[in-house]
Amino acid sequence: ERYVMITHTQGTDPFWPVVEKGGRDAAEDIGVEFEYNFAPSGDMSDMARLIESAAATQPDGLIVSLPDADALGGAIRAAAESGIPVITINSGLESSKSVGALMHIGQPEKLAGFAAGERAMAEGGTKALCLNQEAYNTALVDRCQGYFDATGQELNMIDVSNDVSQIKTRTAAALQADPEIDSLLAVGPHVCEAAAAAVKEVGAQIHLACFDMTPGVINLIKDGDVAYTIDQQQYLQGYMPVAVLHLYNTNAGMMPGSNIPSGPGFVDASNAAAVEVQAGVTR
Amino acid sequence: MSDTTKNSAERKEADRLQSGGLLSVLKRRPEAGSFLVMLVAVIVISFASNGNAFNPLGLKNNFTVISQFGIIATGACLLMIAGDFDLSIGSMIGFAGMSMAMMLKWGLPFGLGAATPFTAFLLTLVMTLAIGWLIGTIVVRSKLSSFIVSLAFLFFLRGVTEVSFRLINQSTQISGLQDFKETSWFAAMFGGQALGWFYDTWFALGGNINRAGNQWVTGFDARFLWWVGLSLVAYIVLSRTQAGNWIFATGDNSESARANGVPVDKVRISLFMFTAFCATLFAACQVFDTNTADAAKGNLKELEAIAIAVVGGTLMTGGFGSVIGIVFGAITFGLVANAVFFIPSIDGSYYRVFVGVVLLTAVFLNESVRKRITGGL
Amino acid sequence: MSDTTKNSAERKEADRLQSGGLLSVLKRRPEAGSFLVMLVAVIVISFASNGNAFNPLGLKNNFTVISQFGIIATGACLLMIAGDFDLSIGSMIGFAGMSMAMMLKWGLPFGLGAATPFTAFLLTLVMTLAIGWLIGTIVVRSKLSSFIVSLAFLFFLRGVTEVSFRLINQSTQISGLQDFKETSWFAAMFGGQALGWFYDTWFALGGNINRAGNQWVTGFDARFLWWVGLSLVAYIVLSRTQAGNWIFATGDNSESARANGVPVDKVRISLFMFTAFCATLFAACQVFDTNTADAAKGNLKELEAIAIAVVGGTLMTGGFGSVIGIVFGAITFGLVANAVFFIPSIDGSYYRVFVGVVLLTAVFLNESVRKRITGGL
Amino acid sequence: MAEPLIRTQGLTKKFGPFTALNGIDLEVYKGEVLALLGDNGAGKSTLIKILSGVHQPTAGKIFVEGAEMKFASPRDASNAGIGTVYQDLAINPLMSVTRNFFMGRELYRGVAPFGLLDMTKMDEIAHAEMVKIGIDVSDPRQAVGTMSGGQRQTLAIARAIYFGAKVLILDEPTSALGQKQQMGVLKTMMRVRARGDIAIIFITHNEIHSQLVADRYTFLALGEVIGGGAKADLEHDEIRRLMAGGSDIGDLAKELQDIQAE
Amino acid sequence: MAEPLIRTQGLTKKFGPFTALNGIDLEVYKGEVLALLGDNGAGKSTLIKILSGVHQPTAGKIFVEGAEMKFASPRDASNAGIGTVYQDLAINPLMSVTRNFFMGRELYRGVAPFGLLDMTKMDEIAHAEMVKIGIDVSDPRQAVGTMSGGQRQTLAIARAIYFGAKVLILDEPTSALGQKQQMGVLKTMMRVRARGDIAIIFITHNEIHSQLVADRYTFLALGEVIGGGAKADLEHDEIRRLMAGGSDIGDLAKELQDIQAE
């Protein structure tokens, strides 16, 4: 048995190696072959081509993240129609069925952003700003959008770049430009770390929520600088589909009765210490 | 004392030149280097993928990727032969994709009503050609290096694309468009399939069967045909027409070309428009295939286009290159981009490593070929 | 019939040249164009940000970004004056950052034990200089265009960085390292603060107070000092030393320079090593400041570095440029990249639009200045 | 004398603050060789670049056979019958002999500019024309860059002669040539002159060459015409004085001898 | 005769399959002007590029004052006392006159290559040396690109003379120059020759010039030495024949006359 996983990343996002590890661990536990891949340009059409080439190698199952159902749908549908079982992961819950996938494991970005926003409002936030390191990355924009949907405000997002120094200086600049901002969402862990430094510099009282985890982010949560980070428990997004596909292929089409929501989970002061060792590895 | 003076009347200029055999003639084709690199890529990938890379779907898929590379590299190549660069190709792809998808979703600008695939494409093409014209005109008039002018447009066009997405569309991605290629022959021309007979025949001969027992692949992507057509036209224009001679002349020594009556400025501006056309074609094939566009589309494609042109034997400084070389270069690059798939032990992060290695190798080979042809210029 | 022959003995060569006043002398400094653009940027941003862009923190932060740009643009500028390009700067930054952070986390290679900031920096510098040497040597030996050789390294180094992160580190990011700048003076030299007296004085004079009523900012980022130092050294070397004359000579006409005894190859290779040094310095300042590194670090910085060099008045084709111009260019770019965020009504997606516009404007101005100086070459 | 083939009136050219030409009046007649002489930087190349449409004059007029003309591009000048061999921008080194020869004036079948080239015929002509002026290129498809400096100059001359209609302008055509080729060029110039319908403007720093072929002289210095006249009316020493921009030049051989003797 | 200053033995240079030089033996003596003559493409420039360290020979040896030398770079040749003015690679147009003049041999205080330049002194010297050979540049800091072709050549010559130690090589130094400057160069050559300790290798296609200054001749054709000898021993016609690569050349003036008469 051979399973192929393809996800959307330019290869630099620390989120995905955890998913990949989930898949690899599952494959090893079960005793099957596993391959992971991504289109380094980040362009959805390139990813569609990649899905097609994966289908051409005739694997026993495909695991695909689905940030853009229109762009990827054709390739996935064709694979499914040619008899390859497909499971979608991460984003794309809404379209999973329509592209011909068996099921979806993950968490829609908007929903995760929404959860983060709801809690921020509950914890006293009034005016928010979203820090996005790749303003053209739709998955990341969705998080910001979800967050603002929950707060009932117009989307207010800035492109902080991927340069850690500029993330900090741009965040500080934006906070000074509008002193009423009291809550921030950082949609990536390196953005989270730099934003925390910026908040300190400006000397403001700011509710900072983040996405994903690194040891640095955990430390910030423990120190009280970051309120919480959204944990999609993406290890599940890698592990589960391999297990499910294996059972599907070897047990006469055995399938769970519904999609598996892997998150959103919150990591905050209450559980930070517990997940610390796993941050960036299996969480 | 006068030295003895040898009589040299019998010696001829030709005596100074060693001549070689057939192999050395072949080695002197400008495409020799890129052909060799391609050969290695094809052989390695055939073996490493157990032939999967060339099974029905693999073949189709490889040619889709190759065609995309080929389309933009052809534009980059002709422009480079004329001595210019266009770093805005990638951003132009993003801009064109955004423009078409946005019109299809929100209607034509200036209240011109709903868009059809045809009007969306046409209006977009008018805009991109105008931008190409603008870039070319700035380069020609200002005498600034095209590298820097098009670098400004790399930033500018990507920025405009992002801003438009966010202001007009409120999202960096457009989705939920109908599948135009089902209803419009024009959309199908770009986003549909072509050469179905090839796969039908393959099926009839007993191959091309999927796991469900049906015909697996039904045709190549339409962009394959566009690429073949574009390459053919570019080949003829470049090597057999007056325009082709002007392109070479402009890139080799534009002052001399101008002084001899070649309309150097027009040639250069036209070629900037041609790369804009190639970028638009690229975007149209993707938009009408997937019915989406996003702000990242085409990211960094300009560097790949230039890399392929160079792998294909185009000289960075202009005046030398061949469309056949670009075909080989696109095949090599397409295979390498997909190789990560057909070779299980590597993943996408190796792509850039390979690209670097292929680029350097090809360029070395090409250089030695070129020296042989041009006498070391 | 013989025409009357005027006596021209009184006319002099100098009579053919109109002379101008002081303003025309100032307008003939190579930095005139970049100075003007900077002036406009500073004024516009001061007003639009209500002065916030230059409050204590704004000043510090702007200079952090400016310094970063300045450091790599200085490298790019000197290299460009010598007629070469380095497209691998960004990937080199990523590679250097990865290397330092990885050593700090996992220890030195070859079982050399744990790394200190000093050993991690040193070993990394040895590697990056070696790569710079390799790029330079390939360029010089092969006579290939440096654009294409360094493009290959852009891909290759980024690929190697990613692959290393994924293979060794199992993640594309390193974070949660201890804060070395607290314990190591060496780390503090790059990641710490400098010129504290400036802010202390400001505080003593009654300014620089934060929301809680205490002293707000305590110093500039250390990289500000590095940038100032680097610019100073580069300025002296370029305009006042023999090495500087060699750099100009190499870029202007390398054949002639070589024939006159300028060690052209050594000059070029040294400058590739210098850009590698600048990239490493850039990475060290970031790594020791934030104690993190990721695979995307430095992405596309090469294009920004080249853009700044050009905005600063460096000629794309070599032989002409000035370090003072680079200082102005870095300030302009730094402000556009950072200070626009002080303007509430503008969001970050406009950044690239601005970059494109600034680039084009500056380049036009510079060109007219240069023509005046060099008589239209 | 009849209507001049080319006449300029008050031609002035400024490069920014620098006055390269200052009110040049020039006349060239059918069938004659006009030597345009002057010191380095006198403005000779600038003048002929204006006549060839490469530069546009700052002021002044050009008349071809009495009719005023404006040359916006080299093409315009070429169409008006002015064929030029440039001192410094003659050749495209990476292109073949044939492609260089026909550059900008290719033979093609079909619609310009996408007409198909008639390479066979162009190869034949290029080869034949090169032979005529003394160079036998073995392969007209070889890159011009593989030829020596003199061979390149020869190609440019052959081309200009082949396409050169009413006026042929040669800017230092012999300066880089070997003896044999220098003579070839001078002979060709005389052959063209013998046809009687073509005017030749010949720029050179070689006094001997100018005396061998010129019918009339015009001398430039510091951007202005400082003299001129028919060959018969000018003394040898006067020519040398004017070529040098008006300064007196003694007996060179003697001066050189003196240096040796010192 | 004494030990030659420079002697080459069997120098051969191949560019890929092409043999540019084939076994050149050459001798140059102190205080003499050796004219190196030959048709276009004969290999003259290639030969002097080898002597100047720009090219490395495929085979053969170079002796300077009897000692065998290998020149890995122009610097080596320069250090061995060979100063060269190149036909085609003389000048850096964007740099100032002074910086061009001292390029590669700057005056500086401190440690090479980071020593501080002594610009004032360099400006003075450059200006003075240019005046010596007949050009008065108003501002030695102006870019060389603003000067005319001839002025540039003059700069290169002044520079070579100023730094030129034992052997001065001039590759067609007069071909682009006006009369006045041509003479200036010839005079300067004679002045250098008069010192008695310097040898000059002079390449030209101008027969008159070669006769005015040369003591001895060496003729190249198709990459080989086809003849040579002292000025006294060579007939005028023989020189012209050999310059043209060995083909006979008739009376040019007469031939030209004939064309006219036809």
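By letter and in written order, the chains are A, B, C, D and E; residue numbering begins at 1 in each of them.
We adopt the following convention: a residue touches a chain if its C-beta (ideal position, glycine included) is under 8 Å from a C-beta of that chain, and two chains touch if they have at least 3 such contacts.
Small disclaimer: the values here were computed from a predicted structure and weren't measured.
In terms of the distance between Cα centroids, chain E is separated most widely from A.
On a Cα centroid basis, the chain most remote from chain C in this structure is D.
The distance from the centre of chain C to the centre of chain D, each centre being the mean of the chain's C-alpha atoms, comes to 48 Å. Our note on geometry: chain A versus chain D, Cα centroid distance of 72 Å, whole angstroms. Chain A and chain B, compared by their mean Cα positions, are separated by 34 Å.
Between the Cα centres of chain A and chain C there is a gap of 35 Å. Each of the following residues of chain B touches two or more other chains: 13, 162, 166, 347, 349, 351-352, 375. Among the residues of chain D, those in touch with two or more other chains are 18, 41, 146, 245, 247.
Touching two or more other chains at once are residues 11, 135, 159 of chain A. For chain D in complex with chain E, the residues that touch the partner chain are 18, 38-42, 87-88, 146-151, 172, 175-183, 186-187, 190-191, 193-194, 205-208, 212-213, 240, 243-245, 247, 249, 252-253, 255-256, 259-260, 262. Residues of chain B that touch chain A in their complex: 49, 52-53, 55-58, 60-62, 64-65, 162, 165-166, 170-173, 175-177, 210-212, 216, 286, 289-292, 294-301, 338, 340-342, 344, 347-349, 351-352.
Partner chain C is touched in their complex by these residues of chain A: 10-14, 16-18, 21, 132, 135, 156-166, 168-170, 172-174, 176-178, 189-190, 193-194, 197, 201-204, 214-219, 279-281.
By the touch rule above, chain B contacts chain D in their complex via residues 13-14, 236-237, 240-246, 248-249, 252-253, 255-263, 315, 319-320, 373-375, 377. Residues 87, 138, 142-145, 147-149, 151-160, 162-163, 166, 303, 306-307, 310, 316-317, 347, 349-357, 359-360, 363-364, 367 of chain B are the ones touching chain C in the complex.
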